[in-house]
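Here the chain labels run A, B, C and D in written order, and each chain numbers its own residues starting at 1.
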Amino acid sequence: MTSIFGNLPTVAYEGPETHNPLAYRWYDKDRVVLGRTMREHLRFTVCYWHSFVMNGSDPFGAPTIMRPWSGRDGLDAARQKADAAFDLFRVLDVPFYSFHDRDVVSEGATFQESVSNLDAIADVLGQKQDETGVHLLWGTANLFSHPRYMAGAATNPDPEVFAYAAATVKHCLDVTRRLGGANYVLWGGREGYETLLNTDLGRELDQMGRFLNLVVEYKHKTGYTGTILIEPKPKEPTKHQYDFDTATVYGFLKRYGLENEVKLNLEANHAQLAGHSFEHEIALASALGILGSLDVNRGDPLIGWDTDQFPNSLPDTALALYYVLKSGGLGNGGLNFDAKIRRQSIDAEDLVHAHVGGIDLCARALLVAAGMIEDGRLARHVEDRYAGWNSARGKALASSMSLEDIARDVAGRSDGPQPKSGRQEYLENLLNSYF
Amino acid sequence: MTSIFGNLPTVAYEGPETHNPLAYRWYDKDRVVLGRTMREHLRFTVCYWHSFVMNGSDPFGAPTIMRPWSGRDGLDAARQKADAAFDLFRVLDVPFYSFHDRDVVSEGATFQESVSNLDAIADVLGQKQDETGVHLLWGTANLFSHPRYMAGAATNPDPEVFAYAAATVKHCLDVTRRLGGANYVLWGGREGYETLLNTDLGRELDQMGRFLNLVVEYKHKTGYTGTILIEPKPKEPTKHQYDFDTATVYGFLKRYGLENEVKLNLEANHAQLAGHSFEHEIALASALGILGSLDVNRGDPLIGWDTDQFPNSLPDTALALYYVLKSGGLGNGGLNFDAKIRRQSIDAEDLVHAHVGGIDLCARALLVAAGMIEDGRLARHVEDRYAGWNSARGKALASSMSLEDIARDVAGRSDGPQPKSGRQEYLENLLNSYF
Amino acid sequence: MTSIFGNLPTVAYEGPETHNPLAYRWYDKDRVVLGRTMREHLRFTVCYWHSFVMNGSDPFGAPTIMRPWSGRDGLDAARQKADAAFDLFRVLDVPFYSFHDRDVVSEGATFQESVSNLDAIADVLGQKQDETGVHLLWGTANLFSHPRYMAGAATNPDPEVFAYAAATVKHCLDVTRRLGGANYVLWGGREGYETLLNTDLGRELDQMGRFLNLVVEYKHKTGYTGTILIEPKPKEPTKHQYDFDTATVYGFLKRYGLENEVKLNLEANHAQLAGHSFEHEIALASALGILGSLDVNRGDPLIGWDTDQFPNSLPDTALALYYVLKSGGLGNGGLNFDAKIRRQSIDAEDLVHAHVGGIDLCARALLVAAGMIEDGRLARHVEDRYAGWNSARGKALASSMSLEDIARDVAGRSDGPQPKSGRQEYLENLLNSYF
Amino acid sequence: MTSIFGNLPTVAYEGPETHNPLAYRWYDKDRVVLGRTMREHLRFTVCYWHSFVMNGSDPFGAPTIMRPWSGRDGLDAARQKADAAFDLFRVLDVPFYSFHDRDVVSEGATFQESVSNLDAIADVLGQKQDETGVHLLWGTANLFSHPRYMAGAATNPDPEVFAYAAATVKHCLDVTRRLGGANYVLWGGREGYETLLNTDLGRELDQMGRFLNLVVEYKHKTGYTGTILIEPKPKEPTKHQYDFDTATVYGFLKRYGLENEVKLNLEANHAQLAGHSFEHEIALASALGILGSLDVNRGDPLIGWDTDQFPNSLPDTALALYYVLKSGGLGNGGLNFDAKIRRQSIDAEDLVHAHVGGIDLCARALLVAAGMIEDGRLARHVEDRYAGWNSARGKALASSMSLEDIARDVAGRSDGPQPKSGRQEYLENLLNSYF
């Protein structure tokens, strides 16, 4: 039996001029850019959650997207889904995938059955990885869909839910390690509150700190060398989520002594919901030393919820990748499409178009970003702007002088500092010239 | 010559039934609530910036509010303004005021002249404090209005601006100490960026950390015992401000080793602009041990900029004060009206109405919040919800067990945890019953 | 068999001092306010959709709220649901309910079967109405949940969907008329677009105009005397919805000649999503002569999607009802709770608490609003502000003078008009004194 | 004396490869695209308001941008400003400019003096127009900056303000006609309310309708053939503005019988503040027959106020121009840069960079949009999607059948309509392939 993508050939690079919608116009995987192939830079990742689980439903509508495994539980459906998944990976020629435990196989009636379900499908996935050379970018546990987690997992008022979540993460981490996952992700979709009226915020933060420390200790005990990642999101599904944004998670990691142990999986859509640009979150995580991996799916700036759309803005994506390149790349991380097709995109081919477009956009954005790096004018402009801090005077201000020293010095001068143009419009034009 | 409020009597408490718009209906300053007078709890503060500097202008309109000192610089105008200010404090019968250096007297042509202007008016203010018994809640330096600060003060690319700002803060801190200010505030209105294209974000954060450490060292050296406060705001005037919100500033303080030295001055309007409720910011700062003082001015939930309106929502303010009371009160802090009258409120009396309404609302909110504390049902509900964590089992999960211990334990059970109602609607009704 | 509310007594008025959470503190149904009973003013309506269909699911989580009829189709489940519904109406002592066709009974395998399902349950509902004296405020057809409507109902690119929707509305209108429904509502949840790229906006508006004209013609032909209502919403589920807000729908009605035929069902949450206050939408609809009925469920100002929460803000609701009273009341309309309990509110009792709180809040708000009307100071202030327009001069400006006349007149004067205070803070204080 | 741009040569087209920041890379004015030159299509317009009046101030900061005429009133300063303005037009080689009366010369002490000031500078401008061949795209009166307008111009509670505004518009329209202005614009920055508490919304709408009718009558009486344009904006400076968006203004025009007399000047930034994309507003105005002219300045999607930045997004601008081209172009209208340089862009050259970047971006966007039109795939896709409506069956549904006819027909069929993919991702990829 062929998969739902069974009759599609592998998408190939045909160059910018092609009119073939199922060809890559920019993604030429072995092309070397700044010393690495595009494949190595971008580490494209298809995500099970959105590509094989989402069904087009929304708060006002029934599912519209029907797959052979839709509505079916158990291992048979899981195998059929895995066949389709790896067939899509083949069609797209991507090197990575990612999953939640519940994406790859349904939960069992008991904890033990859930464990055994996941172990069984992990064997299937491992075999397919071996056969295809596709790798696992990260695994994660779904600690938000089941009713038991409705009031949080680690931050649940009921310690038994904390325990259940901890046991689930242990097993999912085991499976991720076994499958060679490069990272393990935690997204705290229910770690937050609906109303402060029933919430002890300080206690919940401590529970979350404890939980993460348990995970990190276990990682070291098992010798797992992947990176532990937290994925920030400010809200949705809960009204307030504790992992609000990069800066918030940084403070949390510092508070619980984990800033050298955990990095971030940043999502473009979540950045926007928190009031930030994607490049802001990347540049900040980079400055704080906690940049891990990216979910490149975008939101809609006019919409207040997580639309998780495939990226389609070249300027936005190029800027994001520029800061990634400046940060030295993503290391263990990659570009994950935590993106779903629209409710009306009901054909299997729509899923292929979506990924082809997303891959091609990111590839083109990489070329733009690499061009910006090579050209160097932008970076030089920034360096020059701060040049004063590299002088002896700047260094003294930054280190040895006391406030009285500085005040005495300023009082002794006859003039104050003069404003200099920030040249924003010139720089925006320069940026546009790279596209 | 009388001040612009010269013919107004001191506003007195007349009780809820009065129709006199210039009476307090709820603020009965010596009434004892939870063991302290309302005056001691609330520490109402009139702010110079909005009350005596703002003139009704907006980005599309010229000033509409004309005062005798409008458009005049120098000490004469400053004295006239101070007369009006202390006359308003008398009319309102408030115990505190607050100011930026530039609010109380205009900047001089040189740094030295600015220093001497501020020293001169500080003498006037000190004398008025002595005469009236009004105290200074906090002083602060305006490091955002002058063109020299257009690209930041501490975070300016030009080290000379950093120096100028540092010298200015030193002097303003000296003056604040001399006037017995209970706190010293830093608001980083230009500490942020307009575009990442011309910004080195990591470097600027380091500059800001350095700056704050200079201030804290100087505070200790001079034996000043007031509290250093940062006022978070996510954006406006700059596109992105580094002191985004409570969580962000907490991470910043941890990064630069200052989490035990600096607290927060939280503003309701800024909380909203950051995507939070005011009570969230208060509860979080309280949990993190950095709750300092409050600017109680509200925003408009349908407006995307800082409208700085006088508080008028009893539910919102009561919730805010409930979390303040739970946190043990504000200590050195107080309730500051960092609030401005509307562009069309051009009469001096409008400023009085605005404060009377704000004071009365907060007083009424205090009574509601105290009632909630005394009643205890809300707090008990929260405690009960987390009761499991106080059991031996809960304590083991929170401290001694490893991830494997927990997983082994969960795997050995035949059932999972059961969801329990969060009872949000019941609690919201309970809350409304306190009003 | 008892319903899920079977052991609850009817909620009774006990006055503001009661601590009984299942009593009314303010809703004293026969109390006369401004010449009508509270029951007549408020016309409280329980809605089937949220109260008996919603299951606590969200885009990231499975259902949490389980009812005896959950997951079951057909007439047996529908009867059981109806029993519970009318039992809730009894517990709450409300005079009205509202429904979509698909709420009261599941869709059949064919159009004919859907029709016969609805007819059958309508007989049950009619009998229950007779037995209990509960009336139908409005019926409506769900033209948004089924996949066939994913690209719109009236505005679908496929005319067969238009036809299917039209036939469905005809039948649902027939049923509503048979059950004595006071209104018939149209909510165009899918009448909009996800992307302009695949949309002919002008054509779709014409389709929607045609559809509404068909409905209005049929209403007249059948002699139905209820009011046809459109419920505006700016977005969600679609990115852009054509019935954006009051002003937009007014323009649409004018374009298609329907401004005297159709009124609006305004929802507080939808107002907020469109960038308006609820009172704005009410006051505008009143000014335009198209105020029909209200969905009083609120949103969360910090959340960008339709949370459909029970109202809990006394100030907001009192202002809304003030403008309703000024408009002469709602006529055929009522106060509908298009509101759902939170995902964590999984007990049947939570649904009762939610309604009791909502009813009580609106009742209290009515008392406040009526007090504002009786007091009259607010209205007088507004009248006085515009008094100049009632002078001979004002009337001439408003009617007889030409632009040249006016210009000549202004040029002949030596001074311009003087600004007068808008007194916003005074008025906000006055408003707060009514609470 | 040379102007502040005096040493700059006219910016010339050098093609995409140039590194000269003061050259056009895409704007090749005489290049023919779809049968018209780029100059004819785009009708670039420099606006006095932002380019020669704005000084970099913001609600928290003093002016930063100093020009020779800054802070000076009267005709000398106005002439100096006009010299600089026309010199910038020369440098940029643009065909049009636009102004408010108060931009070109300061207000006088009396109405008569204001009139004579404007007449005097209009003579200067007319002469410069003759000398340079630069034309006036539109004139407008500033009815929002002066304190007299703080509570509205046409919608002021004081009829004398209405009269003053009317007289001012009459004169400004006279001047615009005399200078050959292609359009006359009305932007109702203060036509709205700060609080409903002091506002009679219905009365104010009538005042606004009356005002606009006066203007239209006068236009016809004088034989002026330019287009009257309203510029919608939802809020800022007022909390709510009556000209909220395209749909709202359409309803207003219909209400006051002006839908064939008045068109819209749409601004990208205002579209965003109203919750719309720019292309939505354009497509809707086109469908409603009221598309007039464009202010192409953008906002920042993360910022809640009018940043009025020069356009820099190729995808957004190309889509906007695609809908303009589909609508047959702008006729009398043009592309106006109602855009200001940033507070930190203090050099005269920054203003040139800003315009060069904006012009080039729009030119490039025109090429993309024209390519989309010529390629035709996108338009064909939309046509095909609605093809069913062109069949006999579709036409009957759209015109002759009654609701009963349709219902009978649907009931007679054995199957319902089938959903078809909306192909959004395919179309988004197609769109990106045009860039």
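We take it that a contact is a pair of C-beta atoms (placed from the backbone, for glycine too) under 8 Å apart; a residue touches a chain by one contact, two chains touch by 3 or more.
By chain, UniProt protein names: A, B, C, D = Xylose isomerase.
Source: prediction; values computed, not measured.
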- prompt: Comparing each of B-D, A-D or C-D with A-B, which pair has over half of its contact pairs in common by residue number?
  reply: C-D
Statement: Two candidates, A-C and B-C; the one with more touching C-beta pairs is B-C
Statement: Whole-Å distance, C-alpha centre of chain B (Xylose isomerase) to that of chain C (Xylose isomerase), is 39
Statement: chain B (Xylose isomerase) residues touching 2+ other chains are 64, 147, 150-151, 194-195, 235, 275-277, 302, 342, 344, 346, 419-420, 422-424, 428, 431
- line: Within their complex, chain B (Xylose isomerase) touches chain A (Xylose isomerase) through residues 110-112, 115, 147-148, 150-151, 156-164, 166-167, 169-171, 194-203, 205-207, 210, 214-215, 217-218, 221, 234-235, 240, 244-245, 247-248, 250-252, 254-255, 274-277, 279-280, 283-284, 286-288, 319, 323, 378, 381-383, 385-386, 388-389, 391, 393-394, 397-399, 402-404, 406-407, 409-411, 413-420, 422-424, 427-428, 431
In the complex, chain C (Xylose isomerase) residues that touch chain A (Xylose isomerase): 56, 58-64, 144-147, 149-151, 189-190, 194-195, 235-237, 239, 273, 300, 302-306, 342-344, 346
- prompt: Which of the residues in chain C (Xylose isomerase) end up touching chain B (Xylose isomerase) in this complex?
  reply: 19, 21, 25, 64, 272, 275-277, 301-302, 310, 312-315, 341-342, 344-347, 350, 353-354, 356-357, 360-361, 419-426, 428-433, 435
